[in-house]
Every structure is written in C-alpha cells, then in structure tokens.
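Okay, so chain A shows up in both of these, paired with chain B first and chain C after.
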Partner chain A sequence: MSLILNGDEVEAGGSVLDAVLAAGIELPHLCKDDNLPAIGACRTCLVEADGRIVAACSFPASMAKRVDTETKTARRIRRGVLELTLAMQAERGDEGGPLAGETASTASREGAAVDRFAVRTGRAVDATSPFFSFHEAACILCGRCVVACQDLQHISAIGLAGRGRDTRVTPGAADTFRESICTSCGSCVAACPTSALRPRGGAE
Partner chain B sequence: MSQVAGLPLRFRFLPLLHEAHTRDGWLSREAVETIARQVRIPLAEAWEAATSFPEFRFAAGGGDGGGCGGLSCVVNGAPPSESVHARCRFRCFEAPVSGGEDDFPEEMIRLAGRLLAPDITGWDGLRAASSMGSARALDMIDRAGIRGRGGAYFPAARKWRAALGQGRPLALVINAEEGEPGVFKDRAVLCRRPRRFVEGLAIAVSVLRPAVTVIFINGEAAPARRSVETVIAGAGEVFPGGVEVVPGGGGYVLGEETTLLNALEGRKPAPRLRPPYPVESGLFGMPTVVNNVETIANLSILFREGEAPFLDPDPAAAGGSKLFSVSGRVARPGLYEMPLGTPLRVLLAAAGEKDGAAFAAVLAGGPSGGFLPASEFHRRLVPGLLHPTGAVTGSGGMVVLDTTSDLRAAVLETARFNARESCGKCTPCREGLPRVVESLAEGHTEGLDDLLEVVGAASLCGLGQMAPGPIRSARHFWPELFS
Partner chain C sequence: MTRQVPSTCPYCGVGCGIVISVAGERIVWVDDQPGNLSSEGMLCVKGRFGTTFVNHRDRLATPLIRRGGELQPASWDEALDLVAMRFAEHRGRFGSFASAKATNEDAFIQQKFVRLVMGTNNIDHCTRLCHSPSVEAMLQQFGSGATSNSYSDYEASSCIMLVGCDPGSNHPVIASRMRRAIDTRGTRLIVVNPRRIDMCDRATIFLQSRPGTDVSLFNGMARAILDAGLANTGFIAARTEGYEAWLAAVREVTVEQCAEVCGVAAEDLRMAALLYANPPQLDAREPGSCLVWGMGVTQHTNGTDNAHALLNLALFTGQLGRPGSGVSPLRGQNNVQGCGDAGCIPDSLPGYQRYDEAVPAPFEELWGGGLPRVPGLKATDMVEQIAGGTIRAMYIVGENPLLSEPNLHHATELIRSLDFLVVQDLFLHETAQLADVVLPACSFAEKDGTFTNSERRVQRVRRAIAPVGESRPDWEIVCDIARRMCAHSGLDTRQFSYSGPAEIFAEMARLTPFLRGMSYERLDREGGLQWPCPEPGHPGTSYLYGESFPRGLGKFVPVRQAAAAEELPDTEYPLILNTGRMLYHWHGGTITRRVEALMERAGALPVAIHPDDAAAAGIVENDTVVLFSRRGRVSGAAVLTDSVRAGSVFIPFVRLGESAANFLTNSAYDAQSRIPEYKVCAVRIEKKRERKDAAGAPGIGRERA
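Now for the complex of A and B:
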C-alpha cells in the first residue's frame, strides 16, 4: 500500500500516524503510546486525509490516498485542541515520569497559546501511594494510564470515573491509591504525558 | 444468575446494575463491586462504566427534582435545566412535565399511516419472509430501499449484507434507547404498536439468523419495556434463540452505535474507534447489526404489503413513512406519521399554532440538528441535511418555537444539553462545549466561531461533531441574537 504523504509517496501498512512517524515527520499524538493500541481521546494527531480532518492514530493508511500534516486547517484545529488541553493544566512542570514533558513540548512546537482559554481544573492530590503521587491539576484525561493499567498490566486499579467535565482519574471505586488494588508497578507513571503521575522521591 | 448462551458473563453487568438501582434507588460502591465480582469485571473498569451513566445515582436520598429540563418543556414555561438539572422525561407532548415515564397515550398518535395504524394480529409478515428464504427477503428489503430511521438513513440491506458477509455468527442489536429530547416515537411504537415491532424483529431474526438478539431499551422507559416483553413472551416459537431485553442507564451518546455496544459489554459508555465497524466487529467481536425500533417495525409493513408503500418516484424521499415527534409551542403536540419528503410546513400546519401565536422557528434534529426560521418551512423532510448550517430530519424530532418563545434561551439549552451529555472521552467536546455554553450565556461571542470549528472538526463522535449545529444555524438566521 502506498500513500502520498506531504507530497511524497511512502509505503504504509498501519495507521496514518505510523506512516507519518516512520517518515520522520513530527506530529502530536498525546494519547497514543508507541506500544499500545490507539485511544483516540486527545485529538491532537489530526491531519488532512483526502480533504477530511481525521485522527492519524486511528485512521488506517489503507483508507487514505493523500495525507497532509501541515495544511492550514489541520494546523489551526490541532492548535485549538492543544489550547483546550493546556487550559486543563494549572501545573505544567516536567517532574514526572519519563514522558512528563511531552504535552508542553508538543504544544509549544505547534504554536499553541497557553492563555487562549482560562485554566480550569480540579486540584485533587493523592499522595497515599508510597511510590507515586497523582496531581489532578496536571491531568489532561488522555487515558494512557488507564490503558497501561487495565490492558497492559491487567491490574485495573485505575480508571476514568464519571462523564463529561466530571470525568476524573480515580483508583477505581477506592478513595485513595493506598486503599486500592494498585501494585505500584509504575506502568501508569511511565505512560503519563504530563506531570500528573509523579514518582515519589523526585521533586513533588 | 443466568448466563446468556455464548456471551461473556459481563453482558449481565448493566442489567444487574439497573436492577440494583431500581431496587435501592441508588448504587453503593459495595453494590457495584459485588456485581463486578459476580460478572468478573475488574473493579476500576466496573467503576468507570457504572459512573458514566447519567441515570444512575451514587448517593442515597435526594433525586433530581422531578422536573424536566428538555427544550419542549423550557419553551412551555418550565425553568431552564440549569436550575432543575433534570433530564428530558420524554413526555414532551404534554410539556411542561414532571415525574417518571408513563404509558404512551393513544391520543398522542395524531396522524397514523401504515406503521401507526391499529396494531396487527397474527404473524403474516413473518410467514411471508420465512417462506421466501433469506436471500430473496434481503433482495426485497434492498428493492424497497429501507433506510435506518434512527437518523442516519443508512440502507438496511447494505448493513445486513456487510454483517452476513463476515461469515461468522452475528449479533442483532435493537437500539431503543431514544435519548434525544423531543423524540418519543420508539416509546410510542413499543407501548402502542408492540406487535408491529415484534413482527419486524422476528423477520430480521429469520433473515439474519443471529446468534444473539438484544433490545437495548432506555432504563426509565419501563412501560415500553413491559409492553414489548409481554408480546415477545407470547410469541413463543417465533424467537427460537430468545431475545435479551437490556435496560440501560441513559445517555444521549448511546445513540452512537459503538457506545451502545460498549454499554452492553459492561464497559464505559464511550465511542470506540472505527474501523472496525460494528458490522465487522461489534458486540464482543461478533459482526453486529444495530437497527432502530422504527426501522425494524417497517419490515412488518414490507412483508405484509409488499414494496409498493416504499417506492417513491422521488429518490430523495427514502421510501416509506417517517414518524415525526412534534412538541414545543404547537396546539396538537404528538406523533405524526407522514411520508418522507413531506414539506415541514405541512407537518406544522397539522400540529397547529398554539394560542394564536405564529410559529417562529423549528429545531429540526434536536441538539445534533439546527434551527430553521419560518422562511425555511418550505423545506422537505428528506434524509440528511435540511440546511447546511445544521438542521436535519434526523430521527424526526421537531421542537417548535413561536413568537412567545425565547430563542436565545432555546439555543443555550441545546448547548447545555450537549455539554452535559458529552461522554468526556475526547478533549474538544469535553473541554470545548462548556466554554461554548459560557460564551453564549455571557454574550461574549468573539472567538466562538473558531471554537465551534474546533469542536465540530476535532471531536471523536457525532455528539461533539454535530453540537455546533443549533448554534451555527441560530447565528446564521438571527445574527443579532447573541450580539
């Protein structure tokens, strides 16, 4: 299967995002882990495929003829989504897991303004686990921690409870991680693209 | 606890939650955890699923005020939903309403065609379909051009063939959630013409031979559920494999097929990524056909009366009649069965002005549709867009505003509804819609069009993608409204 990507013909078998990254093109993908299935929640990986805006992480390359990552529309809409994402964060430090800086660096690369929308976020902190802490003020609800815990580790200690604006990361039905079935494997911390999940011992 | 043949235990999760909620009036953590263990769903997953249904409560006592915040009630004098924070009660025809659901009143069937004619007796349509055999029956559905009446108008035969073509055991799922404020047609059919629907279902089963047949029904629509369960129980050998009737926990987003399938699988009711499409991999990975109640009921007409009622010389009118739920400021609210392609003004004339006030606008297609001013009432109610700014025929919900109505409040109400019904999975819808509401409420509309573009283009599912429609259309036709 071949695809015209930003004007060049490339071979593509998986998702559009796979093809984009394989070609060495940078594209935001805040909820897509390299080794886990697509979630499709962050909507930062939008590109134009045959004139339509689609999410590269979940759009099969075989369904597209021509993909452009840098059209005016794609850039404008990506930026808008990133600006909404930044407005979820009252904390943007990178003192977290290995990927903690991803959201901020992606947003600045795409030219997203930090102040287009007023920041509004929950402020809950859960520091009851001996190995990590959770800071809601940095969480962008991307769902990567959940997939890591439920689908990769098959522990299912962490989930996205509630709906709409009330959605939040919780240790299942438990009040705290200490009271939950969390085994402190650290997969969620390793997956988090923000400083919402932080290993303990580092700066808090 | 019985296990449904061939399905994982977790299929029982939602029905058990609904049962516990009905019994106790709320769901305690212990109750959710006990059920999760019974059906072997990991705890965090069970908790995320349970807490994502708007009709479930997680604290004892209280309630949601009993009022209705649906648009039809708002334009008929109910306080806007901001204050009552109640969901639509789906009795928009007697707005303003309060309290739970009732049997659909026969007198609210204002205009009956073939579908709403007095209910059928016997199973002649089923017999005709069975004696024809699957292949010929499918051809007949194809020729009649029956399209999905849930709002998408996808050709039923094409969907069925795609699922059958997978060559694996399939699932047939009927979506009777009907979560759009201002729409009450499926409830009406299930309450008043249940045999018509059940015969259609039996025909679908005889053609598709599904391994499992499920009716997903709104958890608060108890009268509709009882009615259809009674007819199915009496139908005996018509359903050799049985029919599972699953009551849900509400949510407008369940109109999205994959969300509905997640709910049935005991997962968080949020959309899946496509592909795979449900016809390829739907309920527990089975090729799955999801159809609306009204679509299925039409099969009974087809196999009793042949193709003639569905063949229209005008290809834009996708064959057959459509059930229109009319509410708001009209003299005769209720259900009107009219041919697809009927001009909107004909439908409005039938419903009549209320207290002599002239019609001012119609919200066509509900919170995922758009407003039309009187100058557009000549438009014909065909499948798809009625106007590029948003109005659609959709599932046939028409909420009417007149010169006494506060259009601005109505637009705001549709925006609030979408923000409230956002499942929260994707960022543009979850984060964008509340900001849209604020901007409308405060009258700060600069930057609003850009924000609407982001929400519409970037959102994962139809809820977010179509949420800008009512706002865009209102701003197009009444530019002074929010300035």
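Now for the complex of A and C:
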C-alpha cells in the first residue's frame, strides 16, 4: 500500500500517523502513546487527507491516497487546538502542565501561543503513592493514562469522572491511589504528556 | 544531559525490556520498551520504580577481609591473592553457589572456574529452592526442563490454568498479558490455590485446594477426563509411552475421593478438568490450554510427584506443542533460566549436557584441561554436608542463603562453621556478614551481558552507569581469581582472559548446541532471541515439542498421593503456614528493602489470617502478631481476610525487620529434587504482648530427621 505524503510517495500500513512519523515528519499527537491504540481525543494530529481534515492517529493509511500535514487549514486548526490545550494550564510555574515538556515543545513548533488561561477549578494533588503523584492543575484530560491502565495493563484503576468543566482524572472508585486497586506499575505516568502524573523522588 | 540505555529488568523472570534514563551516573527514570516482544511496552512497579537500590548508600564499595574478627576494607589485590591461596588449599572440599540474578556470562565463567580450576561439580543456584522438582520432572518426562510456550501463547489460548502461583504479585506483566487475553478474547481462567489471589476476580473456576494435595488434584482431573472420554488418544498413541501403568494409578481413585482429599467440590474439580481438556473455540484459532505453575506445586516434600502429576495431565490431553498451549513453570529470578542453561548445576555441563563419554570432550579440548565426571552436590546438600566436613570452603556469588534456606537458625550455624567463606554481592547481607572475604560486585546497571527469561528469550543487558565504588562485574572477579590459580592447575591463563562479555557469550554459544545461532551482533540487531536457535540463520523457537520431545516420546510417570506434608497441624501448632510473595517486595528482600518507595508502601510483614481464626485468637486488623513454629518465630501485622482458608495463615517470605518466614519453615526435603518444604509447616499465632521478651526462639538448631 502506498500513498503520497507531502508530495512524496511512501509505503504505509497502519495509521496515517504511523506513516507520517515513519517518514520523519513531525506532527503533534498528544493523546497517542507509543504503546497504545489511538484514542482520537485531543485533535492535535489533524492533517488533510484527500481534501478532508482527519485525525491522523485513527485514520487508516489504506483509506488515504494523498496526505498533507502542512496545509493552511490543517495548521490553523491544529494551532487552535493546541492553544486551547495550553490554556488549560491552571498554575503557571508548575513543573508539569501543557506549558512544560512534550506539549510545550509541540506547541512552539506549531507556532501556538496563549496569553489567556482558563480558570480550572480542580487543583487537587494526590501524593498518597510513594511512587508517583497526580497534579490536577497540570492535567489536560487527554485520557492517555486511562487507556494505559485499561488497555495496556488491564487494571482500570484510573478513570475520568464528571462531565464538562467538572471532568477530572480519578483513582477509580477510590479516594486516593494508595487505597485504590492501583498496582503502581507506572504505565499511566509514562503515558502522561504533561507530567500531571509524575514520578516522585529519584526521577526528575 | 540524560542518556537513554536499553536494557532488561533485573527483577523477575518475565524479563521486561527497559530503557534506563541516566543523568550524572544516576538512574533518573526507567521507561518501558514498546517493541519488546516479551513485555510489549509494559512494566510493573519493581521494574519501573525499583532500581534506586543501585545507588543505595549500603552498596559495598571495596573488598573486605576479616581481620581480628572484623571485616575491614582491603585492596583488590590483597583480597584476590588471599582468596586464590585459600581456595587452592580447599580443593576437594569446596562448593559454590551461582547467582540467578547475574548475567549468563557471569554464570558461565563461574561454572568454568569451579569445574576447570577447582576440579569439582559442586556448583548450584537457587533453582534448587524453587523449581528443581519441575525441572527434574520435565527432564524425565520430556528430556528438557524449560517452559514450552511463549507469553504470546497465553494470549492465543482458550484456557489458562494457574496452579500454586500468584502472577499478579510475582510476574505482574505476565498477569497483564493474561488479563488481556481474558478481557479481550474471552480466554477462560482456572485458578488452583489455597489462597484467593487477585486473578481469581477473573476466574471461571477457583479451586481453593488444601496445600500439598496436588497429586490428588491432578489425578482426580485425569480421572474426570477419562470418564468423560476426553483423553487425547491420538497424541497418547503417537507421542507418549508408559500410558498403561499411569492409567492404572489413575483408575485407583475416583473424582470424589480426590476432591475430598483436596478439600474442593467434586463438581468443580470435574468442571475444571473438562475445561482444561476441551477448551472452547473462541475464534478461528485451534483452541488450546496453557498450564502454568509456581512454587505452590514444587515447594513440598512431594514436590517432584506434584510436578509429575501435572505433566501427566498435559500429556494425557495433548495440551502442548501447539500455539496457544503449553506447560510453564513460572521462573522466579530474572536469570534463573540462564543460570541453569550456562551450566551452574551439579549434574550437567552448559546446555544441560550430562557427563556422558562424549560430552566433556569438546569442553576439555577448548579449555585445555580435564573436567570432573562425578556429579556434584546440590545446593541444599552442600549446606547440610558442611557438618560432615565434605564442604569446608564456599564461594557464594549473588545469593543470600541465610535468608532463603529453610530453617534459618540451623543453616546459619552450618555456614558459620566453614573454614573459609567468600561472598560476592552488592550488599553486606546476612550471609556476607559471616564471610572471611567479601568482594563487591556490580549491579545489572553497571555491566554488559545477557539474561534469559521465562520464555527462553536471551536479551541484552547494557551498562548504563559507571561501577559504584570499586565494584566490578562478577565475571571479571572470577577471572582474576582463576588466573591467579592457573599456574598450579597446569592451565593456560588465557582461559580466563576475555576482551568482554561478547567473547564469553561466543564461547558459551559455541559449546551449547541450542544457543549456537546467537551472538551479540544478532541480539543487538534483532532484539531478544528464544532458544533453541541452533544456527546463525535460525529465527529462534517460540514453542517446544511440536514434532517430538528431546527424549523422543513423552513419558507418563505414575504417581500416587503421599502425605500432604511432613509437618501437619496439631494442638500445639494448630495452623498451617503457607508462604509466598508480595507485589512490593522481591524474594528475600535484600534488594527491595533498599528501595525507599517500596519500603514506604510495604514496610511491615503482612500476616494474612482468616477472620474466624483471628476472632478465636482475639486478633483484630493491624494488630502486631507473633507466629511460632517448632523452629522459630516471626512477627508482623495482622491482615484479616477470607482469601486464606480457615485454619491457615499466609506470609510472604521477604525479611522485614527481624522477621523472615524461613525462621519458621521446615527443612524436610523432597527426596528426588532435594527442594525444601517451604510451603507448609505448622504454626501457632498470638497477639504480641506488651513486654520485653529476651528469650530466644524455641528449638534453635533442633534438627529434624
């Protein structure tokens, strides 16, 4: 199977995102973890495929003939989505959150910037586990942790609860990670793109 | 600047791929390896968060020599000269333990030293204490002692039967792969365990059998399968021998009698048997069943019988040698498979080659010296024979027998009475404290090499940080001792001069037919490879016994239920103690006790007790309790749970504080494999009284026949 990617013919199986990354082209994909199936939630991986805007992570390469990552529309929507994501930073100066790490570098590459910050109500910190802590203020609700726990480890100790503005990441039915069925495997920590889940001690 | 170094997890036999992030010679984060075929991007808490022990302040930084009763720092030359001199004096009364945590290369060099330089086959490792009955039984019945399938077969199977193991605690990533099979494919799960383990949440059938009754369990299952006409007659006729004799033994019992012995419902036993023999069709794949077991089967006085009974069942139903089926003894330590493969066992050379006429010749030719032909002593016997003078000097590498041997008080007395003891390890643990010379070894993060995991996959270990203190890789230390002794032994020092682990691996592959196709170059390029891999173009082998068994036909071995355990409850010690593992600690805990976060999560020994027994003893949740056996005592925190059977208590065998399960356990042995009976002994429980109690443990050193 082959497709024309940014003008070049490439061989492709899997998703459009796989083809894009294999070709060495940079493209944001905040909610797609290397280890995990696509969630398709963050919309930062939008590209143009045969004239339509699609999420590269969940669009099969076999269904596309021509894919462009850098069209004006694709870039504009991606930038918009990234700016909304950046605006989720609840606390400036926090070591995590969308203004740090993976999200921040992706945003600057895509030319996204933000000066207004939404006021997030949730600023809870769960530091009950000796292995990692959770900082709600840095969470962008991408759901990667939930998928890691559920579809990779098959534990389902972490989930999204509430709706709309009240949506938040919780340790399942328990009040804290320490009391939950969490096995402390750290797959959610590794999956989190904003260090809302971050290792304690040792790691930096 | 952080660097990323791909390597292999140092904890359990799953052998997950890790990527170590290093900044300034310290490990700052451990990530998973998405492409690793054994772990598929997963890790557990120990692999991810448990490697800080590497930089722990307790790491041994220099060699130590006992002077005037005290262990004092010494130079490497001084220590090695002394070791070489004293070892030379003890030829003929020498024994050595190898480490199932060290690399294949370390293990290979150590057995080469023991055989070629010390002239003895007295070398063994911890398999003796965990799966020797499995290995023994598999060698007899199949001719090979390894797990027959791959982890991917659990995911391709229609039925998984877990017997006497708790993968959720001890092989967490295998547990994740099994959960995936159950959740996404509908694979059925049968759990056989005296304790309700976490995996029971997903089990179709849970048999809470009495400890020590596995022969009845498997013979009862066989009887049920026979009665239902589900014997795999084609497989039996074409691939096995000894069927009739075994069948006679099975016909002696009924399903009902066996269920009674095991303390389970006959109907459940029958259902489990039929599900295993005739697993459901879930998709286009041919349905198969995997049989997975742990120490619950082996650590009994009838451990080898149990293993035979289990393997008979696999032969009877033909549930092996195809994708989605197989027999898997879950291996404990990261390299317990490799340590055996590399020859650290008293009755065979590398690659499980026995000392027949033809076998040692290529070794002797390549190594330029003669090898001993008499099989050596097994680990448990080496310790026992210290008393009679057969063993007077020992070289213990990466093992802490004074935590892992049964009846610890007795073992300590024996080890203490050695003339010369050398311990080589990361920490000054219980055994090292008694040594005459202590040699500081590198951890997995400071050296190159390979580990072989439970699915026979040989994987690279890579140096991520500089050696801590003056520590050195095990193979280098052994080579240094060996070279000092070569002249006396008429050997060429070049036998112990290597440019590095790659050269050692090449020598091992050359002498081991099932590794011959592997090299560092291939492992680096292709990732881990599963043996047998007999030639360079061979892709490796994902499951064994497809066409035939290494011994030709698979052999049925009739077994009958013997006494469930040597020591059973009585009025003085009314409860059965069952030992096992916990997620947050590793083995005896020599390593995990040095990971702060793990200690914060699990710092006290949990004593699981049934609410009825607790009520009778006036114990409530979290009380400090003391367990007494005829041999010793331990204390811990009570956890009231109906996951254990009434009449039994469970503790993990990690040492926390002054408490280690093996102060309680019995040194009764299985006659064939010499495994100690860790799983069952009789105990009494009491709530700890508030007073200073200086009295020693009852019955210290009292020996059992």
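By our rule, the second predicted complex is superposed on the first by the 185 of 204 C-alpha atoms of A that agree within 3 Å, B and C clash if a C-alpha of one lies under 4 Å from a C-alpha of the other, contacts with A are read in each partner's own complex, and residues count from 1 in each chain.
Here is the rule we go by: a residue touches a chain if its C-beta (ideal position, glycine included) is under 8 Å from a C-beta of that chain, and two chains touch if they have at least 3 such contacts.
Remember, predicted model here, so these are calculated numbers, not experimental data.
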> Now for A:87: first (chain B), second (chain C), both, or neither, which partner does it touch?
Replying inline: first
>> On the A-aligned overlay, A:187 touches which partner chain: chain B = first, chain C = second, or both, or neither?
In response: second
>> One more residue to check, A:64. First (chain B), second (chain C), both or neither?
In response: neither
> In the superposed arrangement, which partner chain does A:161 touch: chain B (first), chain C (second), both, or neither?
Replying inline: first
> Given the touch rule stated above, what does A:46 touch, chain B (first), chain C (second), both, or neither?
Replying inline: first
> With the two structures laid over each other on chain A, which partner does A:137 touch: chain B (first), chain C (second), both, or neither?
Replying inline: neither
>> After superposing on the shared chain, does chain C or chain B touch more chain A residues?
In response: B
> Can you list the residues of chain A that touch chain B in one structure and chain C in the other?
Replying inline: 154-155
>> Which residues of chain C touch chain A once you look at their complex with the stated criterion?
In response: 21, 23, 27-29, 31-32, 34, 40-45, 48-49, 52, 168, 172, 176, 179-180, 183, 583-584, 596-598, 600-601
>> With touch defined as at the start, can you tell me which chain A residues reach chain B in the complex?
In response: 38-44, 46, 53, 55, 58, 60, 63, 73, 76-77, 80-81, 84-85, 87-88, 116-117, 140-141, 143, 146, 149-150, 154-167, 170-173, 180-181
>> Give the list of chain A residues in touch with chain C in this complex.
In response: 34-36, 129-132, 152-155, 183-187, 189-190, 199-204
> Any idea which chain B residues touch chain A in the complex?
Replying inline: 29, 32-33, 42-48, 51-52, 54, 251, 268, 273-275, 419-428, 430-432, 434-435, 447, 450-451, 453-454, 457-460
